Every structure is written in structure tokens, then in C-alpha cells.
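Shared chain: chain A. Partners: chain B in the first complex, chain C in the second.
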Partner chain A sequence: MTRTDTRVGPVEARPALVPARPFWTSRRRDHLTGYLFIAPQLIGSAVFVILPLILVVWYSLHEWNVLAGTFEFVGTDNYAALAEDPNLGSVLRATGLFSVGLVVFNLALALLLAVLLHQKLRGTIVFRTLFFSPVVVSLVAWTIVWGFLLQDNGGVNGLLDTVGVDGPNWLRGDGTAMLSVIVVQVFKNVGLNMVLFLAALQGVPGELYEAAEVDGASRLRQFWRITVPLISPTILLTSIITVVGSLQVFAQIAVLTQGGPGTSTTVLVYYLYQQAFQFHHFGYGATLSIVLFAIVLALTVLQWQMRKRWVFHES
Partner chain B sequence: MSRDLSPRTKLVLYGVLLVLAIPFVFPTWWMVTSSLKPVSDIFAFPPQLLPVNPRLDAYQRVFELQPFGQQYLNSLYIALVVTVGTLAVSALAGYAFARIRFRGQNVLFLVVLAGLLIPSEVTIVPLFQMFFKLGLVNTHWPLILVPILGAPSVLATFIMRQFFISLPGELEEAARVDGLGRFATFWKIALPLSRPALGAVAIFTFLHSWNLYLEPIVFLSSPEKFTLPQALTQFVDAYGGPMWDVQLAAASMTALPVLVVFVIAQKQFVEGLAHTGLKG
Partner chain C sequence: MRTGKGLRVVAAALTGALALSACGGGGEAEDKGPANLRVTVWSANEAHLKLFNEIADEYRKSHPDVAGITFDPLPFENYTTTLTTQIAGGNAPDLAWVFENSAPDFVASGALLPLDETLKKAEGYQYDDISPATLKLWQNGGKLYAYPFSTSPFGVFVNTDLLKQAGQKTPAELIAAGQWTWDAALAAAGATQAATGKAGLVIRDFDYKGWDNLSTFWTGWGAQAWSEDGKSCGFASPEMVDAMTTLHKAIFTTKALPGPGTTADFFAGDAAMTVTQISRASLLKDDGFAWDLVPLPAGPKGPYAVVGQAGIGVMKRSPHADVAADFLAFLTNPTNSAKLAQFFPPPRQSQLTAETLAKTNPKLKPEQLQKVVIDGITSGVVKPSHAGQAEISQQVRAGLDPLWKPDADVKAVLDGVCAKIQPMLAK
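Moving on to the complex of A and B:
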């Protein structure tokens, strides 16, 4: 590249500005090209992410009932109503229960499956495909089938009956409804975390185990002292993805339990949907959106902090 | 971990894997076989693992009760448009953030990344109002525009940026020596090299759109506009109870084509989705 070349160039090779240059220097061209390239994404973010985020704050300060045609500024009334909402405790409990249950079951099962598939066995690729397959099954289709299986006279209780166990009415029982929703979601997506763990396990050097073997460490001890610390970045990554995903659960609740029995499976997003789009309280729906946003933000910050302390190394 | 195992251990491991596979495989099996059973056999005891009197009645009724063909087309064309649109937007933005220097780059990247922190459920109320004011409620526009330009495409942009950063700089220098401009370099050099990343983004974008449920039920109200996930829940009798055989037939038709593609291209799916670390 010569010094008079005005075509675009890499940063390092760019010469200092020479007074006699034409207006469209390679630097100016680069700026323009850069802006043009990111324009769709940037304008899209402004219109469909930033603007709605500002609007959701603005709406939360209004009493807004579409059916009644009212839209008036009420200050922090919606937040006061939130504090007094008799359902709030139950909604937050259901949300927390679902998230914790999902993360624990999901990560434990994903790790177990990954360790099993990491063994020297023929045909593990077939099992990997089987365990992964629900990920690509349409979420609502998967949920409908499980709803069918979990009916009082459905397939699960049918199978339990053949071994002499009288199964409960899974989706109508107080504790079993939440358990059912969690389990359905775990089997749907555990394959993703399993694959991430599998990749992490393949990165653990085999010599470490050989050395531990020589020292007489048991398999279990090797797992806790070698495997877990070495794959801790992946454990953190999967837990972040799973927790944030768990807060967005909606279709499973809408199809399986409609938030019931009572409000035992009414998680935050489902409650938000009910308030805004079934009861037409848009102002209050916006307030609940902010609660959801605050929780996601707090969790993200928390996990960044944990990353510094807990994780063995950063890849 | 991967050490040689005794035959006995292997046998135990196979047993464990087979038992563990049941909750992953049985639902799909049960969905397809039950959809072929007459209603009277659906809850038969003991359960029929294979339909005793297979029939296709339920499949016929799917199309009688809902404009299911239209709904299928809706889902398919929306997912395809969203996939192509997302690829275009995210490849351009990802390339610029990775390979071009321009003023305010880092700040603008952070602005875009904010979308990763904001689940689409947070903005569903204002988005509904925005599209309502534009007269675009009960059209497919919200289901197309928001994923391509809004929060869902941010992850795609991030993945594309990470990929383009990893490309060696010599390639672009060679392109420049050949007299290619920025766009030509992007189009002829960088893009063809980024096929694995584009493939991963295409797969998860398609699945995301195909599975979308909250947005369709918020934005769409007439059956001929519905997408598949929404249509699946509409097969109910006069009392609101699900018509299981018909629902399962519709669910089978929704799930099986994607499953078949997955089995054929499972390597691309598994690696693509795992590397993007995304849930559906």
C-alpha cells in the first residue's frame, strides 16, 4: 500500500494525515463504512430495545386501562400497589422456586450425562443425539406432549401403574405442578448444557487423572478435586444461561398449568402477561416488567462478581 | 475420565444411558403413536406402545378445525425471513465492530450489547403499544421486525463479531492489494469464510422464531394469521378441554420435520447451538 492510496486500510498501516489529502481519506471512509455497516443494528436497537425500555419506565408511572380508555400520570402509585399486591409474594416465590429447581436439576443432570458420554464407549454419539433432540422439538409441541403424559390417566401414571405405583394428578397438585413444569423444562433443554460440559471435559488434560491415580485418589475424589475446578468456567456460564432463561419461562406455564393450581406456578412473566394482556392493566404490567428487568440486572451483576472469586481460571 | 473400561462397567453404563434416554425419547414416540390412535385408545390401560388400530383421522381433522396449512406457511415464511434478515444485519454489524475502526465504536458496541441484558418479555408491553399505534397489531410485522432488528439479533451480532475477530488480518491486506473496497472485502473474503458462524446463527435464529409463543399470542388474534405454536393450543372442544388426538397430530407435524433435519445434520446443530451457548 502506497502513501497516496486512499482506499480503506488497516489501522496499523494508516499514515498520518497529510495536508494535501482529498476529503475522503481512508480514515473518513472507514468511519462512514463502519457507521453504514452497523446502522441497521444500531437503529434497530434504538427503536426496539432502548425506546421500549424508556417507555416501560414511563408507562409504569401511569394508570392505564385500555378497556376503560384511561391514561393518567399517577407517579409511583403502581409501585405502591406492587408493594401491597397480595399476589406478589406468591409470584416471586414461584419464580424463585422455578429458577432454583431448574438450575439445580438441569446442571446436575447435564453434568451427569456429559460425564457418562465422556467415557470410552461405542455409540456415545447416538446417545448424545438422543439427549439433545428435545432442544430442536418445538417448545409448545414438547409441552403439549408432556401435558398429555402428565394427565391423571396419562402415560406417566400408566407406566407407574404397571409397577404398582399410584401416581398423583401431576398438573393439579400443589407441589407436583411446579415439579412437573421444572422437569418438563429440564428435559427440553438439558442437552445444551450437556454439550457445553462435554466440550469442557474434553479440555481437561488426561495426565492430571493419571497423576491422581498414582497418588491413590478415588474416582469421586478426582471428580471433585480435578474435574469440577477445571470446568468451573463452564459451570458458571451454563448457570448464567440457565438462570436468565428460567426467568423467561412462559409457554410451559401457559400450556401446562395456566399458573395454577391457585397461583402456585404463576411466575413473574406469566403474571405480567395476565396483568397487561388479559386484565389490560398496562401500567401495572409495565411496573412488573421493571421488576423483571431489575432481577435480571441484579443476577448479571452478581454473576460477574462471582466470576472473579469463584472460578478457577478464565479461558 | 476417558480410560479403558471393563466389559462389566460398560454394560452397566449402557444400562444407565438407556434408562436415562427414556424421558428424552419417549415423549416424541408417544406423541407420534398416540396421534395415530382412535380417541378411545388414547388413554387405554395398559398403555399401547404401538397403536393397535392405527388411523390418520386426527391428521385430517387438524386441517378441518384450523387453517393449519396457512398457519404452517406463516411459521415457515416468518422463520425464513427472520433468519435471512438476522444473518444480514448481524454479519454487517459484527464485521464492522470486529474489523473496521470508527469513532465511538466501543460506546456504540456497548449500546447494542445492552440488548443482551434485556429479555424481550421486559419490553413486550411498550412494543405492543408501538405496533398498536402503527396499526400493525394482528399482522406479522412485529414477529419479523423485532427479532431481526431488536434484542434477539444482538446475540447474533456478538457471535459474528467474535468470529470475525478471529480471522487473520493478512486476508484483508491481500484483498486490498487486489483493489477491493471494504464492502467487497466483506462480501467476497470475510463472508465466505464465516460459514460456520453463519450456520450456527441461522440454526438458532430459525429455531427461536419457529418456537416463539408469547409474541404471537400477544400480537395476533385471527386464526389465519396464527403461527404453529399458537395454533397447536387451539384444538379444544366446546368445554375448553384439549382434543388430544388432534393436538398430538398437529404437534407431530410441527416437530417431526425439524427433528428429521436435526438427525441429518446433527453435528452442525449440536456444535452450532453449543458454541453460541443459547437456549431455544
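Moving on to the complex of A and C:
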């Protein structure tokens, strides 16, 4: 400390007489608290959703040779290659077929099970548990077991054999392979949609059915005129979840068919996996995943727009 | 408004920082601290890993700067895919086992470190002892990029109990009578299947997907997947059509081979015979069935042998590439090569004698070693390999799928395979 310092001190201290606004105002504190609350979600989204999305777009503009360690900018070359890809047509067909098959089978079966198990009968809880249990089973374990059952000399054909039916080679036939993959996936996840439908059914007021009965409406008419409109928001939700899920199918294909026979079960996700991780075309694989993203986004937006037409609660 | 702006700044900063850290992961790492080497291998077999670890421990005794050496087994079925995924994710091993079907891609890519110098100058290494024929696949521009760690001929393991139970002659008897041909082998397999209900003959790891394993069959007909220069497709050749017609008949008419979608494990006693590599001998149980190992049956073109190869290379981008190369030189020196010979036939000429191999192969008789291993390595055709093989392989698999049906038109299917892969081969 010098003399000069002590002299200057009081001069500088003068402005402090006017009370400074503290940095941590209650407003800022509130904001910080808010950010801290959303931080886990925000960081999770940034690391696992936003960043990969940005990187995938970046990768799709490059030719990335993993082995050689080269990463070259190629502009829109990978997008141009989409148009010339001889396999893309059959891949999109297989993807569409899988999605349509899965959504139709899954929603129809889930609704049927929900309506049946909504009845106040003995044993419904046991059946609800039974149908829901595959949802919590490991996907790969479930698929491997089904792989054994669907073998030519597997359990399914053994069962058919006892009633005198010579079953096909499920996973090797052109038509049966896709059907098998769809059915395995439907059985895996139908329980989830069933529970959602059950919850929705329980929210339908009983007096509406009583009134309809007084008016002489049949059970079928009651279903179409009361049940379906009132659970339509749930139908929308389940259909969006199922469509998006169907477009992301991978493990079942990888375990059961590896895209075969031929390319009959090579769906988009499996194809992009092949391109990126087996053929080492990471740039083109990223481009295919952008295509997948666009399809999922378009279908979700379409369903969301259509909700006004068929979802009862929406005005 | 201020809040919105602040949020955007935080999000942008976070994303930027993460992007930078992610990009950093893929770059070349610097050599820091003591080396911890990781070697990816396909085998999770306890006996194999025990031997690897013993050799690694011995190396570490004289190299205290190496903190650890880990042998990391990756599943055989998707070994190369897992390895390349690790490389793409910035988690490349220091040393990697490479199969012959991906050898051209790895060798030509520049991903591996040239080894000639390290191996040649290693004390007592005897580089010239390595058979030049075994090095061919692993060389590019006159440099060696991987050591031919295992040159493993295909042979036929035989469950003699099952064959006798079905009243069939054993392959040893057929060999003695000069009748060990594919016709005889398939007839015995079909008859055993009919009599016992177990599978006749299994071409291991084929499973109607791994078609390159069928080269152990069609080579007997003089067929090949593609020409020597890799430019023209061989699937539509008359030899291949003959071979595949025989195979198709054996699967769907005489049931000598289990059909598509049927699994049968020879080593669990489910099949009378299996075509596989000698390195699989470790799967035989001491208290299991009576067995024999014989060479591949002769085809219409006479006796032949097929070898599968695997090399071990050093990843150039490893932060400890030099240490890894030095360890590879130790792992494959004459002493360790002799130890490893019990599972992985060595490329060293001095060790390819029945006497040397017999010392470390208690399960195999000198006669089996001579006929299957030594003769196989010296005269064997290597399984198909081609640059970009994964993509070609996928096309061949998809193209061959229509063949695995009882009423298939063999010629038409094989023409279809060539139509698909010819443009890729010609590239």
C-alpha cells in the first residue's frame, strides 16, 4: 500500500454511496432457478437429439471413409446418389409395407383386446397382464426366441404339424418373411396400445351407453357412434406412436431376416445401417437418415393436420 | 426478450462445445502416458484367450512401460462391422484381427501401419521363414500391413459315432479305399440323416447367408466367385452351375445338408460331419463323441484345399502404434508362433511340419496334421476376397436367396447373381 493509494481510495469510493443494483436480482435468481430445473432435459436434448441431428446433416454433405480416416466435402453428391440408387425403390416399398401392416394389425388388435378386456368379467386382470408383459421384455431376447419358433423345424411349424398343416419356412419365404416380422413386432407392442385404449375406454361416461340403449342402439352402433369418437384422441396418439415406431424398426430385421430373403425385408433403417456400418458409406448412410427424418416428420405433420377431421375433441 | 436471447446463447455455446469435443474424438490421438494396448479378436474361446494373455503377461515383464494388454473378443458374426463402428466412433483398438474377406479394404485403406521394418529388425524374428504365399493378401505396394496370424485350412470334422450308428463307412475308410469324394460324402450324410434324424453335413458359418464358406465346396468343381483379377463374375460359369446343382440336390432332395432355417451344431453332436477350420478343434469336448478330422472330399476336378486367413494389423491412428507393432513382433516371434500353432496354423515354414504341430496339438494326430493342415496350407485356395466385399457380399447373398427353395432354377439364379455384382466387380 502506498500513500497515493490511500489518498485515492475515498475518491473512488464515492460512487458507492449511490446503492449499486446487485447482480443477483430476484428476477435473475428466478431465471437461474428455471434454467437449472430444465438443465437436465436441455442438456440431454442437446447431446442426444439436437447435436446428432446437426452432425447427421453435416455428415450427409461429406464422403467419410472410416478406414482411411478421410472426410471430404462432397456437397449434395450424396443426395444426387439417392436418385440413382437401384435399391431405394424396393427399400421404400418394404418400409411402407411394414408400416402399413404394423399400424393396421397393431391398432386393430389393440382396440379389440381393449374392448374385450374392458368388460367386467373374471380374469380380465390376468389377461391384461399377459398381453402387456411382452412390452417389458427385452426386444432382442423376444426377437431371438421368435427366431427359433419361426424356423423351418421350429415351434410354430411343430404346432401346425400337430393339426396336419405343413407350415411354410416363415423367415425364408418372400411373403411370409415380412408377415413374420410384422406379427412378431405386433405381439411385442400391442400391449402398450391396449393399455392406452383401456384408459381411454374407462374415460367414456357410462350414461352415454345407457341413453343409447334406451334409444335402442345396437352394441355395434354404440361402438361406432360413442366409443370411437370419444377415444379418437387416443387413436390419434397411438397411431402417431405406432407409425413413427414402425419406421424405426431395426433389431427385428437384424435378428430375424437381415433384410432377406432377397431384399424383401430391407427397410429404410436397416438399409442405412448396411450402407453406413457394413459398406462404410457413412455419408450416404447419413443422407438416408435425413430421408427417414423427412418421412417421419411429414407423416406426423399430416396426422396432426388430419386430427381436426376425425378427432372428436378438436374444434 | 432478454431471457430468450440468453437461452439461445447458452444453447449455442453448449452445442458448439459439444460439437468441438465430438470432432476432437475422431482425430489422431497423441502418445500420452504408459501404453494400454487393446487387441480386438474374434474368438471368445477361453483356451485361446488364456494363451493370448500368457504371452501378453510375458511381454509386459520385459516392457514395464506397457501398462496393460487387453484382448477384446468381438462376436464372429459381425466382427468387421463392430470393428469399423469402433473406428468410426473414435474408439479404435491398437491392434485388430482382420479376416480375409475384409483384407483388401483394410490393406488398401491406409488404416494399418506398415510392419516390415519392425518385424525384420525384431531380435530372432526370422522374417524370411514366413511363407511368401501367406503374405500375399496382406501386402500392398510391396509393404506388409498385417501379419498372417492364422492360415487355417478347411477340413471335415466327422462324428464317427453317428456314421457308424447309421451303418455308413467312415471317411477314413473311404480315404483308404480311394473313394473320399463329394458324391460319397453327401451320400453318407444323406443316409445318416435318414437313419438318425440328425443333420448329415453342415458347412459351418454358411447358414444360407455366409456364402463365401461355400467356396470350400465349389472349388472342387473348379468354380470361383470371381476371376483372379477380381474383375469378372464366376457365378454363372458352367463349373459353378454344376457345383450348385449338386449342392441344391443335396439340400432339397437327399437332405444331406440341413435346409434353410434349420440349425445344427456339429460340436454339440447334432450333425455327422462339418466343414470348418482346424482352429475350431478347440470346440471338441474330451468326453464327447468319437471324432476324426479329414481333408475336404475330392470334387470332379480332383483333390483340393481351401484356406481361410486372418491377419493381425496395427491401427495407424493408435496413440501407441509403435509399441503395438513391437508387441505384434513379440506375439508372432518363432517361440510364440509355435505356442499359438495349436489353434492358429502359423505361416512359418519351419513350423509347418507334422512333428512341430503335433507337440502343441494334442487333439490331432500327426497324420491329420500333415494331410489337412500342412498340405492344405501349401496347396490351398484362399476364400474369396475383394475390395468392397461387404457390399458385393450383400448382393450375392440377396441374389442367392431364390436358390434356397426346392423348385429353384439354379442357372437362372446364378445368372441373376452375376447381373447384380458384375458392375461392382468391374469398377
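Criterion: the second predicted complex is superposed on the first by the 281 of 315 C-alpha atoms of A that agree within 3 Å, B and C clash if a C-alpha of one lies under 4 Å from a C-alpha of the other, contacts with A are read in each partner's own complex, and residues count from 1 in each chain.
Rule of thumb we're sticking to: a residue touches a chain if its C-beta (ideal position, glycine included) is under 8 Å from a C-beta of that chain, and two chains touch if they have at least 3 such contacts.
Here the structure is a predicted model, which means the values were calculated and not measured.
Once the two complexes are overlaid on the shared chain, A:Leu88 sits clear of chain B and of chain C alike. In the superposition on chain A, contact of A:Asn65 is made with chain C only, not with chain B.
Touch counts on chain A: comparing chain C and chain B, the chain ahead is B. When both complexes are overlaid on chain A, the residue A:Leu55 reaches chain B and chain C alike. When the two complexes are overlaid on their common chain A, residue A:Asn153 makes contact with chain B and with chain C alike. When the two structures are aligned on the shared chain, A:His31 is found in touch with chain B and with chain C.
Contact with both chain B and chain C is seen for A:Ile43 once the two complexes are overlaid on the shared chain.
Contact with neither chain B nor chain C is seen for A:Leu230 once the two complexes are overlaid on the shared chain. By the touch criterion stated above, A:Arg172 is placed in contact with chain C alone, chain B being left untouched.
By the touch criterion stated above, A:Phe282 is placed in contact with chain B and with chain C alike. When the two complexes are superposed on chain A, the residues of chain A that touch both chain B and chain C are 31, 35, 42-43, 47, 50-51, 55, 151, 153-154, 277, 282.
Of all residues in chain B, only 1-5, 10, 13-14, 16-17, 20-21, 23-28, 30-31, 34, 43, 45-47, 88-90, 92-93, 95-97, 100-103, 105, 108, 111-112, 114-115, 117-130, 145-146, 148-151, 153-154, 157, 169, 172-173, 176-177, 179, 181-183, 185-186, 207, 210-211, 213-214, 217-218, 228-230, 232-233, 242, 244, 247-248, 251-252, 254-255, 258-259, 261-263, 266, 269-271, 273-274, 277-280 touch chain A in the complex they form. Those residues of chain A that touch chain C in the shared complex are 31, 35, 42-43, 46-47, 50-51, 54-55, 64-69, 150-154, 169-172, 258-263, 274, 277-280, 282. Of all residues in chain C, only 3, 6-7, 10-11, 14-15, 18-19, 22, 81, 84-85, 87-88, 105-106, 109-111, 208-209, 259-263, 317, 388, 390-391, 394, 397-399, 401-402, 404-405 touch chain A in the complex they form.
Of all residues in chain A, only 1, 7-11, 13, 29-35, 37-38, 40-45, 47-53, 55-56, 59, 112-113, 115-116, 118-121, 127-142, 144-149, 151, 153-155, 158-159, 161-162, 183, 187-189, 191-192, 195-196, 199, 201, 204, 206, 209, 227, 237-238, 241-242, 244-245, 247-248, 250-251, 254-255, 269, 272-273, 276-277, 282, 285-286, 289-290, 292-293, 296-297, 300 touch chain B in the complex they form.
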